[in-house]
Structure formats: structure tokens, C-alpha cells
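Note that the chains are named A, B and C in the order they appear, and that numbering of residues resets to 1 at the start of each chain.
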């Protein structure tokens, strides 16, 4: 492992506009170290795919420069960039067999016949399709096509591989399986991977780091656990994982802590993340699994809530409550065979730690 | 093995064989489909299949001789043209009997024009003899009287033509259509100066291929552009492409005359900018160039439309994929885009080729003498010489040629590789 | 009950419509100025006298032979009277597609009592042919393209003289007329032309003569073509129908002159399709009797420069209806124009057309 034969990518103040009126990508600066698996995550229209296409060379940057291994590549045509790419619909050439598809990048690079065959064979084995070389893409299942597409993007040993929502067309089970396979291939080969998806689970499962895009701007760039545990703003908090929102106003700040008065008058302590001064409007972000029914007096925050709905999900129970005027407040209770029964309509105290409650920018 | 045995034993719940039940259910389905296509089927049978069958029939049918001269035909079976002498009195008597009826029914001149296709002069021979027949002495001798009416009745060749065309079916039209003829020595090619049809078949194929190729060369980039432009601009361009469809054929062809003739717009322009001198104006019409230019223009949409509809289905991500894999623009086009557009080329080429092989109005107007097609001769025999048998034989050969080319095409390209979108 | 009434009424209407149609008379002609002249001289006065007759024109004469055969085979003759060239009338007659007529009973006598068969004379080239006009295929040339100091062409033979008159020519894309001209201008005597053409050597000689100008010749098939080519200055000289040349010169005022010598006389006339039902036949015979009388044929010459086919009409030819020009000098039959002429030998061509056409087309194609 750790054969770092990956390439380094650097976006320097990159901007992109299609119509000359609005920017799709606003001043992007991003460093991707060699060998990293970086995911660009965001809703559609957030600019993530455009960033990928600029890196691949299919869209010119309107402003700024992209560097590949410290070499500016704005004026390098796509076929000279040496970047492997896996497309959303695989883009396997339908008139060629699987083996011919894999040999294509080798042929255009004038690799010798014997070496071609060797590499194609190895690539097919890597994706466990050793005996499928003579089939046409149309004769393969979606998952198999996907693997061929990955193999083809890797067969010419690129230092950088781009993947544009490669698993979008697969069903859930296959998708999860492929996530692991791609992750393992990445680990084994050590290439740099830039992966675009709008599926946050995919991003969290596979990536070294995730860049969350919205509105042409990277909202947060960090490791999957940081992204979940320490969202830097409300967009990230909501986009990644499940999240309870409580709106209020900052009434006191003590170092890294702050006191927030909710709109119904309830006062809560929170981690000061994205507020600056007393009087600011804020939205508190709280993960459903961090809320406890087993309360005790030492808890940072304690409030009463009324149970509105109970949903039994096997490993946990989802409880929808009305807390501080918010009747969309969700609590996840691990199913430990509790003796205590929750009943709908019952008013119970719930509590959570200060650090689990983030004071972020206000959302209306 | 055991599987099939088991399958045979399968029955429905009330004990009937499953296969029978299935085919009964399917039969109803089939009948319904048949009913649905019946109007079209009948239409096609009446307007397409029937005329073709009729054409095939006409190209060999020859009952006019035995119908008009039944007795003569029988008598002539005994006569051997190789003797070099006209038949004896019996034949003349039979001819007299036949002609008397034919003249009364006014069918003798019709037979005359039929036989005149084979030998010039028979037409007037029959017309003339028809006028004389009433005045002939019924008692004979007939040979003398016929020879007196017209000396040609002593000509062995006339009798030979009669004998040769006695059968109810003839290969004569087909022989004629391939520049051959039946002689006493057997089937032979016609003398060089009379040969025309094989030459015209060849030229028709050659020009049609040239037209197909130039349609492809001009149409491919346009179709590509159409397929890659955003919808709004491509719609506008599509209207321009279809414009020739909406103007009458004669108007378009006349427009080409105005443009291409020696005192025409293009030559005037070239002289004006000094590219050619006034004395060396280009000859672009009334020859093959004219035919190719005008026909390419007329048939271009038939190439562009199938190409466009196929190209429209080729996702741009294929070319992107090829480029990302290291192919330059040319290789990405040639190895990835082009093979996927081949079905469109196939469909367009077949359409244009088949349409051009049967065109005759445009070649007639702009083709001069070197740019005319076999169809022009077919049209001539249909509308002018009334030799429908020969026209049918030529048409049949043209049909066969197209079918043969189709099979060859299928072998080389594969007919499933033809796609209209 | 109601439905039955409707159906009956509908059937009655259909029959009524059918009888109304019976008064219609469909005439087939060539369109253009020629058809207009027929309308002015024949049908307009006829309809004025017989208001119940409706005349329908069909411009199908170029395809008349094939269409008549198709109608005949289908057993549904929709035409009542068809304008064809004399050669086609022979073919139609031979094929039994046109009806034979008796000139003396079917056609009007001349005003002086001369029988129609004598008044038309040689023009009755076939048993089915009802002659109307004499036209000629002759040569027009661009007066502005005649080389300096050279006499303008006067004869068909000048078309073969490339040295004296350089430039493109136009000739009809068929053997008729061209073969005769080639032999005549190659020195064959007038009376020997057709016998020469019956021999292989004669055909070869004619084609050899045509070979001398083949590269300079544009071959036309539609009669409007040579006139257009002359008007555009594409050719120096070309064969065309004299009526077309008349309108080019006198109506369109183009710098074009005519070389009348060795013009080829041709005839155009009516044929009645064979197999017309009795009532329609009667109606069309009545019209033909009217439309081919001496005055009507003379009237036609007011509108187009074609000569009437009756001898008795010639003295009655007057001035052009709109241009006011005296028409007699523009007639192909005018003595000044008819010094050397020859007449299409229809019966000869009926025999040799198939054969010569094949050879001619083979020669053209190579």
C-alpha cells in the first residue's frame, strides 16, 4: 500500500461562467495532495460537476488556473492530460468488446500488443471480470459495465482518476458493494481520485476528504467525521446526516460557549461555531442520536418535550417530538430492550451535551 | 431431453394440452394484429406488389402473336428458317385466314407495331397488307397475292421473326434489355453501335454511387452540426435543410440551369473575379457534373435526416470518454464517433442510392447526353415508343440490380446496421 | 326509414351529377400559347353557341400516348379529344387506341363545297388523324453572335458549319429531323434521304455527320428548352418549333433570327380515343366538325404562327390578334420561307423509329 503514485491537483482562484452573467463556480481554491480520495459533494447545480469537467479539460476555466503536479494545464487538451475518467453512464464504446474498450487507451498510446493484452487481462482481473473480455458492453449487467468503466479508466495507469457520479444508475445494494470495491482499488493503487456525487453516504463511506459544494462555493472541506461532527455552517449540517434545527437569538457568549434564547423563550447552551456577537440570530444544530431520554441534572441542556409519533425501525426507534415549539424534533433511541416504554402524547424531559449542540448561521 | 418430454405432458387444469391452449390464445392475438395491419397490407398489395407482379409478367408475356395469328403460328411450327426459303403456300393461307379476322377486329396493326420492335418495316407491312386483304381472292393462291401486296412477305427474316415470337412467353425483351438478340445462330450480343442498355445500367450505377458519395460528404458534417447544436439553432438549420423538399422539382432544376449554364450566374461570377477567362467558361450542366450537382441537392435531405437522427442518439460522453482515454480529436471521431454513426450512413446511403437509381426527370433536364440514366430509357419506352415489354424488362433488371446490391450491402455492412434513429 | 330516404336521395344526386358530367368535354393539349390559341379559336366560340357544354382542358399531350394506353387497359376513358403530333397519331391508330374517322362525313366541307378529304389532302396521314396545323422545326440563331463580316445563317445546313459559325448548337434529342438534315447537308439528294436511311451505311453516314458537331451540341427534349437557351445566349443556333421562335422574336423581342431553309414540316391534330361511350362520342364529333372547319383553322393563326392544315383556310389568315402583325409571312408555309422544305415521312418513321431511336440514343450516350 501507500505506493503514492498519485498526482497533486491545485485549483487557483478558478471561476466559471457559461453565460457571462452568473458564476457557476465562484473563486475556487482547492489543494488535493497525491493519493487522496477527494469527493465533491453537493446538490445538483452546485458547481461540483463543472469543477470536475474543468479538471478533465472538457470545460475551459473562465478565470484562474488549474495545476496538475504543479504544471498549469489550462491549455493542455484533455487527451494530453493523462487523467482517467469514469462517466455517469459509463460511456463504454458500444461497438467494441470489453477487451477492446480496455485496450483503447493503450492503443492510442502506442503500447505494444503483448503489453496491451497483459494490461487488459490484469485490469479485468482487478475488477473480477476475467472471462468477459469478448462480450459487448450491452451484454453486461449495470454493475459489470460499471466495473469495466473503472477498469478502463485505470488500465493506462493514470495518476489521477475522475469519477462523475459513477454509481448513480445502480440499485442500492450494488451501489454499496461498488463503493467498497472502488475504495479498495484506490487503496491498492494509490492514485488520486476526485469523485463527484450528490449522495452523502457515498461521500462519507469512500472519501479521505469531502468538499461540500453549494452555490458555486465550497462550504466545507474536511474529513468525513469532521463533516458530521463539526459542520461549519447550517447548509453542511443539514446536507450531511440528519439534523434538528432550533432557531433563536444569542443572548450571551462565554469563550467557546454561548447561550441561546429560542423563540419560545427556552434558553439553551451551545457550542459557538458560526456566530459572532450577542444579539445574532442563530440556528442550533443537533444530531438526533445525541439526544437522551435518560436525563440527569448535570446535563448542559434539559427541556421537556411531547412525544408526537413513534416509528419502530428495529435497531432504533425514531421519536418525533414537539420541543420548544418545533414539532419536527427527531430523537433516535437505540433499541436496547428498554424497560421504560415511551407512549405518544406523553411529555418527557430530554437532554443533551453542550458540545453536541452547534450554534450556526441562522436559516429562516 | 427429459425436459421436453415433461413439457409435452403439461396440460391445463381442465386437461387440455397446454401447447394447444397457448396457440389458441396466441391465434386470437395474431388475428387481431392481422386485422390491424390489414388496411395497409391491402393498400401495399394493390399499389405496390400488384404493379411489380404486373411488370414482371409483361416483361415475358407475348401472347399477342399466337392470339392474333393462331393458324399461322401452328403452320409455322413445321417451317425451318434454316432452309433460307420462305414457307410454302399453307403458311400464306393460314396468314390470310388469320389476318382477315384480325383486320375485322383491327388488331393487325397492333401486332405490326409489336413485331416492328424486332424488325423495322413490319409495322407498315401489316398496315399495308391490312388494307389489301379485303381485295384478295379468297380462292388463292395466297403466296402470290401476298407477295404482290408487299414483296417483304417473301423475306425469310419476316417469317423468322413471326416464328420466333410465336410462343406465348418470350425472353426477347430481356435479351434486348441486355443488348443481346436472338439470331438463327443463337443468342448473340448486338453489334457495337446498337448496344446501349448495359452501358446505361453501368452509368446509372456509377452516377448513383457518385451521388450517394457526394451526399454523404456534404451531408455528414451538416448532420453532425445539427446533432450537436442546441435545439433552437438546430431547428432553424433543419428548416434550411428541408427547404429543397418544399420547392417543386422543376423549379429547383431550372434554378440549377440558371446557376450552372455557361452564361449562368456561377460562370459570370468566376469571369468577373477573373478566375477564368470569358472564352473558357466552365461546362457544368448538360453533362454528368450537372446531374451529380442537381441530384445531390435534391437528395441531400434523404442523407441528412437519417444521419441526424442516428447522431442525435450518440451521447457526447463517448467522445469525451475517448479523449479522456488519450485519443486526439481525429482518433476520437474516427474510432469512437464514426463507427456509431455508421447505421445512419447505411440508412442514408441506401435511401439516396435507391432514389437516385430510379430518377429520370432531373437527369433528363440537366444531364445532357452523358448524364442520363437507364430510367430515362424506361420512361421513353413507357411513354413514347409504347414498348412496355422492354420497359418492364429494363425495370425488372433494375429491380434485380438493386436487390443484388442490397444483398451485397447486407453481407458487407449488415442490414441490422441500418437505423433511422 | 329516414336513412333509406337519405340513401336514395344520395343515389339520385349521384346520378344527377353523372349526367351533368356527361356534358363535360375533356380536351387534352400542350398547354401554353398553343392551347390558348385553341381555346380562343375553337372552344370559346363553340361554348358561346352551345352554353350547356363545359370544356375541361388537360395539359397531358406530352404523355398522351402512354396515358391513352393505360386508360384503354383500365377500360376507363376519361378524355374526349386529344391533341397529338402526326407520328403519335399513327402509333395510337396502330395500337387501336384512337378511333378511325371518315373525313368526309365527320369533318366539314370547305366553303366552296370541296370535300374535307380533298381540302386536307396529304395532311390526313393516318386513319385516325384529324389535322389542325402545320408547324415546322426550324432554326433560330442569335443575331448578335454572328461573326463580323459573315452572312447570317439561312439554312439548316449552316448548323454543321462550325468554321463559319462557331458556337454551341441545340438539337432535338431524337433521330427524327436530325438524321434527315445530316444526310441532306452531307449531299444526299432530297428524294434519296429515306431510302439512304434504310441502310446501315446511311445511318452511319448520318451519325458521322452529326458527330462533327456532337461536342458543340446541347440536346433538348422539352420544346421550351432551345428557346430558353437562345434567350440566355447559351447557344448560337438551335432547332426549335417555329411558333416558339416567333414568340421569342416578335413578342419577347430577343435578338434572334430564323434560318428557314430545309425546315422540317410536321403536323399536329386531334385524335378521338377509341372506346368512347355513344353519347360522348356524339358530343365530341359535333365539336370536331365545328372546330376543324375552314374559318376556325384560319382563326387559330391569329394567335400563333402555325399554318392551318386546310388548303381553303390559307387565304383567310389575317393579322395577329394582339400584336397586329400580318401573320402570313410568319407561317412556315409562306412561299418566302418554304423555298426548301421537307416533310416528315410519318409512315417511314413509324417503321424505323424504334430501330433508329435505339441506335441514335446509343450514339448519343457514347
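Just a few scattered comments:
Note that contacts are C-beta pairs under 8 Å (C-beta built on N, C-alpha and C of every residue); 3 or more make two chains touch, one makes a residue touch a chain.
This one's a predicted model, so the numbers in the text were calculated from it and none came from an experiment.
Between the interfaces B-C and A-B, more contacting C-beta pairs are found at B-C. Chain centres were defined as the mean of their Cα atoms; on that basis the chain farthest from subunit A turns out to be C.
Separating the CA-averaged centres of subunit A and subunit C is a span of 88 Å. Averaging C-alpha coordinates per chain places the centre of subunit B 31 Å away from that of subunit C. Rounded to whole angstrom units, the spacing between the C-alpha centres of subunit A and subunit B is 66. Interface residues of subunit B, counted against subunit C in their complex, comprise 106-107, 109-110, 112-113, 116-117, 120-124, 127, 193-196, 199-200, 203, 257, 261-264, 286, 364-365, 368-370, 372, 377, 380, 382-388. Partner subunit B is touched in their complex by these residues of subunit C: 62-63, 65-66, 69, 91, 93-96, 100, 168, 173, 204, 207, 218-219, 221-222, 228-229, 232-234, 347-348, 350-359, 361-366.
By the touch criterion given at the top, residues 56-58, 77-85, 87-89, 91-95, 104-105, 108-109, 152-153, 156, 162 of subunit A touch subunit B in their complex. Those residues of subunit B that touch subunit A in the shared complex are 315, 317-318, 320-328, 331-332, 335-336, 339-340.
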